[in-house]
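Each of the two complexes below includes chain A, the first together with chain B, the second together with chain C.
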Partner chain A sequence: MYLDLYIFAALLVLGFFFGRLAEKKHFKSIIEREKKYRQLLTFSGRLLPPDLDRADAELVGGNVVISIDYFKRIAAGLRSIVGGRVTTYESLLERARREAILRMKEAAIAKGATMVVNVKLETSSITKGKGQQIGCVEVYAYGTALSPILA
Partner chain B sequence: MLVTNIETIPGKRVTTHLGMVQGNTVRAKHVGRDIMAGLKNVFGGELVGYTELLQESREEATARMVQQANEIGANAVVNVRYSTSSVTAGAAELFAYGTAVIVE
Partner chain C sequence: MTKYENRRIPEGINVSEEHPLKEFLILAFGLGTITALVVLLLSLMAGWLVHFIPFSLEKSLATSSFSTNTSSDVVLTSEQLEIEGYLQLLANKLSAAQHLPEGMEVVVHYVDGDTVNAFATLGGNIIMYRGLIEALPHENALAMLLSHEIAHIKQRAPIISLGRGVAVGLALASISGFGDSSMSHQLIGNVGLLTSLTFSRHQEEQADIEALQTLENYYGHAQGAESLFEILSEGDYALKPPKLLSTHPITEERINRVRHFNGSHVGRASYKPLPKFLVNISQGLD
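And then the complex of A and B:
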């Protein structure tokens, strides 16, 4: 009789606990890896450092698709009634961007680079037009990895 | 083939500009992935299937761009940009473009 309501409540509870757990774990791993890859310099500027005259250049990139949990989606829906900051989506996008940058850095390190210049971030919603079915976002980070050639 | 997203190839001089080259691909997700994504949507977290799909598509778009550059005799593509657009529900278009050049 109230089956719909029970399912809704169960999804909310599941989303709340698992979503929170997943986010905490993800942020922890992001912070850890950001510390680890700190020696790799990244620049959003397109100009090369003036003291660098010869380097191997290669395009590197990293992408990630992250979805929001059920609880946060409902919370965001409620928020859109009164307006204001939708903090649940803010953290989703932050996680996605930082993760994409980290994956780009991993790709650059795998190629032996010491810096990445002209880093661009691109965000896209891949499930647009599907209504409220899936709330997820894709972030792609790319840049030119430079490995100096030692004379 | 050298590919960068800055205007030059460091340490090399661009001798000839050959104009813009581009590559695109439109990919749809298969139903299995959609269902898995729908389930994952309850708990939140990374949608690995979609991540892989988009990465593969981007590589293909880049490969097509590089092939086009090869055909016109370039040996490098500079100033590469990526762009994504959703043409219809359930499919995404990945687009890569850049300037084909000859470097010495």
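And then the complex of A and C:
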């Protein structure tokens, strides 16, 4: 009985510190890379800019899976009793979305693209195991990369 | 080509700037308090409702399990029967000294086991282990033990804790069922456990006081009662849980209570020795 309590507390503390550390590091890296790749334009629109020169079109995608930590899970569990914004999951999804777009951009840059149009996002939770717990989230970003045709 | 650009999106739109611990602590303390209140309320109600369950009904609930237990599994030797008979006789005298209500009677079961323990259970049944009895120095300490258990019967403690266990267990299961994480169940479960332990601790304290009063009625004094707690603290109980997690009041407190109770009696009273056959079991085994 006491052991349960101690393990629970230890996991909670561990989850909090490591989770927070990982999140801080991740956000820092996301902000840096977003600045770096800002020149590569991305649009959610399906239609191309009307005055675009001839370009090669190719599918590019970026995929990320991020796991929640123990602390986030407990906090979300408590939140689910009273309702309201699940802030611990909001930051998780924000990281996943932005990371997926960044990876898609990286893929596009590798192909020499200057623009990605028709960008879409797909989200799915991967683990729905014991007790229907959401263990981690997957976000997939994909779009059509346009690379100028060099004459 | 027209000039397009992807502007920098400001931070903090989708992510709350609030420290996650703040939200967590508010939720944990809030829900913890609510859970504690629910458990407290249900525990109080269980204690109150139990008076509507007649003792005879409690007895019939217990009889089925006890009759099969004693007849098939354990066959007592003549020595053990002698000990059980002696314990029963003493229990009867102490029940009278404790003014057990009409229709409520105590049945003592002797168990030839090394466990240093004794407990009262449903239907006025008291289980006494050889392990504890043989460690007791005199009859006064044994009487303290028996009176404590008889006091639990008088409190209706076994059926109260059964009812409380069912009610609180159901309530906790329902509350935690709303969360989607089994870990929040654990948090709620632990709060519930701590609250109900506080309750049983109160019962133990009451039983100690009642037992001391019984000894006073029976022997004319309650000295020697502290020997029981000294034995309990020496034995395998050395691994003491912190007070918050313990059902029984910690030993020093119990011994102090005995001393306080005996404060008015200055002279040293004589202790009644245990009957010879009880002394023999302990010496033969040592």
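Going forward, the second predicted complex is superposed on the first by the 142 of 151 C-alpha atoms of A that agree within 3 Å, B and C clash if a C-alpha of one lies under 4 Å from a C-alpha of the other, contacts with A are read in each partner's own complex, and residues count from 1 in each chain.
Everything below uses one rule, namely that a contact is a pair of C-beta atoms (placed from the backbone, for glycine too) under 8 Å apart; a residue touches a chain by one contact, two chains touch by 3 or more.
In this text the structure is predicted, and so the values were computed from the model without any measurement.
A.B. asks: Sharing chain A, do chain B and chain C clash or fit in the superposition?
C.D. replies: Fit.
A.B. asks: Using the touch definition from the top, say if A:T114 reaches chain B (first), chain C (second), both or neither.
C.D. replies: neither
A.B. asks: To the nearest 10 degrees, give me the chain B-chain A-chain C angle using C-alpha centres.
C.D. replies: With chain A as the vertex, chain B and chain C sit 110 degrees apart.
A.B. asks: In the overlaid three-chain picture, which partner chain does A:T42 touch, first (chain B) or second (chain C), both, or neither?
C.D. replies: Only chain C; A:T42 stays clear of chain B.
A.B. asks: Counting only touches as set out at the top, which of chain B and chain C does A:D53 meet: first, second, both, neither?
C.D. replies: After superposing on A, A:D53 lies in contact with both chain B and chain C.
A.B. asks: In the overlaid three-chain picture, which partner chain does A:E90 touch, first (chain B) or second (chain C), both, or neither?
C.D. replies: Second partner only, chain C.
A.B. asks: Which holds for A:L146: it touches chain B only (first), chain C only (second), both, or neither?
C.D. replies: Once the two structures are laid over each other on A, A:L146 reaches chain B alone.
A.B. asks: Does chain B (first) or chain C (second) touch A:Y70, or do both, or does neither?
C.D. replies: both
A.B. asks: Considering only C-alpha atoms, give the closest distance between chain B and chain C in the superposition, rounded to the nearest Å.
C.D. replies: 12
A.B. asks: Taking the two structures together, which residues of chain A meet both chain B and chain C?
C.D. replies: Comparing the two interfaces on chain A, one with chain B and one with chain C, the shared residues are 52-53, 70, 72-73, 130, 133-134.
A.B. asks: Sort out for me which residues of chain C touch chain A in the complex.
C.D. replies: Against chain A, chain C makes touches at 1-2, 4-6, 8, 11, 14-16, 18, 20-21, 23-24, 27-28, 30-31, 175, 178-184, 186-187, 190, 193, 241, 245.
A.B. asks: Which residues of chain B touch chain A in their complex?
C.D. replies: For chain B paired with chain A, touching residues are 2-11, 34, 37-38, 40-47, 50-51, 54-55, 58, 62, 80-86, 88-90, 92.
A.B. asks: Inside the complex, what are the residues of chain A that reach chain C?
C.D. replies: Residue positions touching the partner: 1-2, 4-5, 8, 16, 20, 31, 34-35, 38, 41-43, 49, 51-53, 70-82, 85, 87-88, 90-91, 93-94, 130-134.
A.B. asks: Give the list of chain A residues in touch with chain B in this complex.
C.D. replies: Against chain B, chain A makes touches at 11, 14-15, 18-19, 22-23, 26, 46, 48, 52-55, 57-59, 61, 63-70, 72-73, 99, 117-118, 120, 122, 124-130, 133-136, 138, 140, 142-144, 146, 149.
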